[in-house]
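Two complexes are shown next, each including subunit A; its partner changes from subunit B in the first to subunit C in the second.
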Partner chain A sequence: MLTFIIRRLLWTVLVLFVITVVVFIIFFKTPGVDPARAIAGRNPSAQVLQEIREQFGLNKPLPVQYLLMMKSIFISRDLVSYSNQGVKVVPEIAAATPATLSLVFGAALIWVVMAIAVGVAAALLRGTVFDPLLMVLALIGVSAPVFWVGEVANLITQGTWHDTFLFSWVPPLGYTPLTQNPGLWFRGLVIPWITLSILYIGLYGRVLRANILETQNEDFVRTARAKGISERQVLLRHTLRTSMITFVSLFGLDFGALVAGGALLIEVVFGIHGVGYLTYQALANLDLPTIMATVVYGAFFIVLVNAIVDIGYAWLDPRIRPT
Partner chain B sequence: MTGEPLLDVRDLKVSFRTEDGLVKAVDGVSLTLFEGETLGIVGESGSGKSVTMMSVMRLINDPNARFEGEVLYKGHDLMTLNRDQMRAIRGTGISMIFQDPMTSLNPVYRVGAQIAEQIRAHDHVSKQAARDRAIELLAAVGIPQAAHRVDNYPHEFSGGMRQRVMIAMAISCNPDILIADEPTTALDVTIQAQILKLLRKLKNDFGTAVVLITHDMGVVADLADRIAVMYAGRIVEQGTRREVFYDAQHPYTWGLLGSIARLDRPKPRRLAAIPGQPPSLLRLAPGCAFADRCAHRFDLCDEPPPLLARVDGNHLDACHLEPKQKKELRETTIHPELIENAE
Partner chain C sequence: MATLLEQAEVGPEPTSAVVGRNPWALAGRRLRRNRIALAALALFLLIVVLSLAAPLYAKYVAHVNPFPPNLNGHTVVNGKVVAVMQQGGGTLHLGETPIGPTWDLGHYFLGADSVGRDVGALLLYGGRSSLLVGIGSAVLCCLAATVVALIAGFFGGVVDAVLSRIMDVIWAFPVYLLAISISTELLTHSNGFQFGPLHVSASSLWLPAVIIAFIFVPYVYRPVRGQVLAVVNKEFVEASVAQGAGNMRLIFSEILPNVVSTVIVLLPLMVATTILTESALSFLSVGVQPPNVSWGTIIQDGTSLLYTRPWVSIAPGIMILLTVLSLNVLGDGVRDALDPRAKLRIEG
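Now for the complex of A and B:
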């Protein structure tokens, strides 16, 4: 276990190094990008640009600039945004994290429960009309672009039907911290949660159904049935558990990517100022310090979530456990 | 062998609807099994031997399968039982072990837990008691250090050991009948002998009736009291082991006996084989299904041959040839000393 953790940590450091270097190089080698201009604002004089370059260290060689930026992210934590003068990036991300975590955890809970329900129901109802019906619904869920679903949801819950009994409980767009008002936190997130989970319910439901149908033909399922245990136990203990292996590895990838800022579109559509929203703004403004900090944050979470998934995976399938 | 049979299969027919038409996998099979007896069912792949016994266990879940006939177990027709009634019989009344021990055990549970699961499904005992029983069973089927191995996963066992685990599981609730579907096919030859020895020991110790499905005449020679030979979904010959080995009546049985490699004879240049392929079960001709591959075919073979006692009270066969003719023809295919090794 200890070697596992140490190996993971070393791996994380390597991943962070490679990603930050790549982001850094892409940023400075992109044609037409001059951070000094971004910082200076409209029509700066040549002298102002020169001053800015010196102030921000932009005239130093790239490796030195890289090291300075890493130092101010990891050690002094005082990296300053290029576009919002004086805003420190690291605390900004720390402040945005709870919103993203609230959004993604809630959606993940919904989509895991619903996808298992959909996958199991479709597999059990195979041969009836409900199986293809569920699968078509799932396909629609997968195909609908998330920003479009979000906008439509907003039109309905904030516009047309907002004043009816159906959606009068939906608060205005935005995020209320859990510690401030748990009720409002919950009500404000319900629609974003559902919107975000629709895609994944469809995707995971289809994957799980296929895996269940495949597992049902396995010899050990036949053995389980021959043992005289109930159909329910055959399904829950034997078929479902083995079918969950793909599900869990997919979940690790998607969940990690979402926490890392992948819920960007949802955050923008629903005005939730999370990490995705921050990334979106930083990209629009070519704000390297913020981009860099969100990338580091994202890489950290992806590695962390993958480590957790690996542990879950080993729990599900003893064959891959280290001996 | 008197009184009611334990298992009485009557005119069982199993067919599968496919895109190309109806496949009659089992076409009117009747079998009986008495207490403590071992019945060998022999035939090549696709002859319907596994499908027959899987149907007895009602383990065929294919929605395209159709079943006809009766399967009487202690007088109750298994085909008419509901799911819960059938569940109560699986594992306790009739249990089954399968061909490939590498895939028959669930890879994600410890072997002890898999055995205990069956025990607890039928007997109301504590987890600890079920585990203790699992250890006893593992020891009984010859797994060394059973108390330690009970917590291992299937992938930590070899193929032969896994089959022992399967056997331990199958006998865990003292079933009346143990169906062994090609239990040694996937194993090394040396391990095969061990598993067969174990089956014989269990049969003697517990008095369990065994149905042994195999394509290997050597396996039934070792274990079976009675033998049924299947071909293309039907039984073509049925009798005691002695009758089938010494006085085989059906040319297909001769083919099976003749194709065994012998150590007690001069080495043949080529091992004898039955020419041709088994027929497609899709559109079987009405006559004898073996006729196309049979060296002794004659006019009558276009008529369906009934399974009758032609030589002796309980020795049945489905061949139109006269018993006297058969005796002469048989010598060209096999020699009856075959069984000497087995006895």
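Now for the complex of A and C:
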């Protein structure tokens, strides 16, 4: 187990290194693009361009340029957004993180509970009309563009039906920190949570149903039945538990990806000022330093979550340790 | 017992010899019997045909050119001539509001967008870009992934290790952030780019297609490489080696035909994924660039009109939903036809 962890961590370090190299190539070495001009945003002055060339050592050798980029992202954290009045980028990302975490945690709670309900219900109701019905609904959920669902949700809850008793509790778009007003925090996030979770309920519900149906034919389930355990116990303790393995590993990956900027579209549509929204604003201003930092931090987060998932997985299931 | 019953049902046909069918014919027959998958295919083809007919609709039915702004235009509603951009309107009665849906195919069927363009005609033109970028990037992605997977799986060892690690790194990037970084970097140059002898204009549909293809290569690479590894040590490959076949022959005549079905199963699901990704990137204004329109850009244009003219945003979303849904259903059908034993593992 220890060798597995060490090998996995060494590999993680290597991936992190390669990711920074790729980011460096995208932002500083794209053929035909002058990095200083790109970083400076719209209509830069000659003085700003000169500053950037010095800060990132653009006339120095490649390894020096790479190290200067890494220094400004991780060590001195003084990466400056030129499009946004010289705001320091890294503290800004740190300040935006709680909003993204609130959004993703709540949605994750909803989608895990609902997906288990959908998957189990569809598997149990196999042979009735409800199984195909649930699967069609799941497929529709998977096929709808998430930002569009968000806009339709806005149209209903902020426009058409906002003045009726159904949705009068929905506050205007935006995010209120939990520490400031927990009630408003909750009311403002309910619709974004539901919107974000729809896709994953469909995806996970389908996967779980397939896994349950597959597990139901396994020998150990038949043994459990033969022992005279009640159907409910067979389902909860034997079938569902084994079927959840794929579910859990998928969850780790999707959760990581969402926190690392995947919730961008939802944040934009609902005006939640999280990490994704920050990236979106940076995009509108062609603010490359902010995008550079969110990509690096986002990718790091995903790689670390993946490493944790893998190690947790190996701890649960000894069969995959040697690989 | 079940086998006996089946034999009884087949009936007395002692004279007819067993007809050999190749696996593709069998798969085709299974797919043709799957009514739901066929309906999905029909829906998808209908959307493709409608999108291809965009210029015909714009010219002969709607009589508009949907690309230039049309702030001073007029149209006919219930026999009366009205301005496309109306004073007041909406809840606040301020400024100009584009005309809403007339539900009359000849005159601004779905209304006008914020600069007075016919949304109905734009929707069909948008379908062309969305389908082109979606299908183009999915095909590019599958081709690239298959080539890399064949090389990695066939040569194994160091080659496999290096290629697989590269794929792992691309896979580790957040999908949207990676696409956004590449697009923004390229968008800072509005005059287009010179890749060697190739000149690409900044509004070219190739840019989003290539970017989307690139970020999804690892998702196709993994299953295809798995299939290559499963095939590469089979006896028929050894037999071919014994006959003196070269690497090229082994890869293209022995291994490739046995992994093509994996790629074909993935293709409709990839197109579904790439169409969704294209719409998301276009919504964020880093996908399809003006003067081209796509379903994503129309939804984005409609955001400012969401509460006054919701159909500008709703209609393209329905088109995306129908297209992606039909592809997902078709993808399920193709998978069931080509690999009846497959578990539900591929998720788009």
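Keep this in mind: the second predicted complex is superposed on the first by the 255 of 323 C-alpha atoms of A that agree within 3 Å, B and C clash if a C-alpha of one lies under 4 Å from a C-alpha of the other, contacts with A are read in each partner's own complex, and residues count from 1 in each chain.
Note that contacts are C-beta pairs under 8 Å (C-beta built on N, C-alpha and C of every residue); 3 or more make two chains touch, one makes a residue touch a chain.
Worth saying up front: this structure is predicted, and the values here are computed from it rather than measured.
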**Study point:** Which superposed partner A:Leu139 touches (first subunit B, second subunit C, both, neither)
**Key:** second
**Study point:** Which partner reaches more residues of subunit A (counting touched residues only), subunit B or subunit C
**Key:** C
Check your understanding: Does subunit B (first) or subunit C (second) touch A:Thr242, or do both, or does neither?
Key -> first
Check your understanding: Who does A:Ala257 touch here: subunit B (first), subunit C (second), both, or neither?
Key -> second
Check your understanding: In the superposed arrangement, does A:Leu67 touch subunit B (first), subunit C (second), both or neither?
Key -> neither
Practice item. Check whether A:Thr223 is in contact with subunit B, with subunit C, with both or with neither, and answer first, second, both or neither. Key: first
Check your understanding: Counting only touches as set out at the top, which of subunit B and subunit C does A:Ile291 meet: first, second, both, neither?
Key -> second
Check your understanding: Residue overlap on subunit A between the subunit B contact set and the subunit C contact set?
Key -> none
Exercise for review: Please give the residue numbers of subunit C that touch subunit A in the complex, ascending.
Suggested key: 165, 168-169, 172-178, 180-182, 184-189, 193-195, 272, 276, 279-280, 283-286, 296, 299, 303, 306-307, 310, 313-314, 316-317, 320-321, 324-325, 328-329, 343-345, 347-348
Practice item. Under the touch definition given earlier, write down the residues of subunit A that touch subunit B in their complex. Key: 127, 216, 218-220, 222-231, 233, 237-238, 241-242, 316-319
Practice item. Flag every residue of subunit B that touches subunit A in the complex, lowest number first. Key: 57, 59, 61, 63, 83-84, 87-92, 95-96, 98, 100, 103-109, 117-118, 121-122, 153, 155, 166, 169, 173
**Study point:** subunit C contact footprint on subunit A (complex, rising order)
**Key:** 14-15, 18-19, 22-23, 26-27, 30-33, 37-38, 139-140, 142-149, 151-152, 154-155, 158-159, 203, 206-207, 209-211, 214, 257, 260-262, 264-265, 268, 279-280, 283-284, 286, 288, 291-292, 294-295, 298-299, 302-303, 306
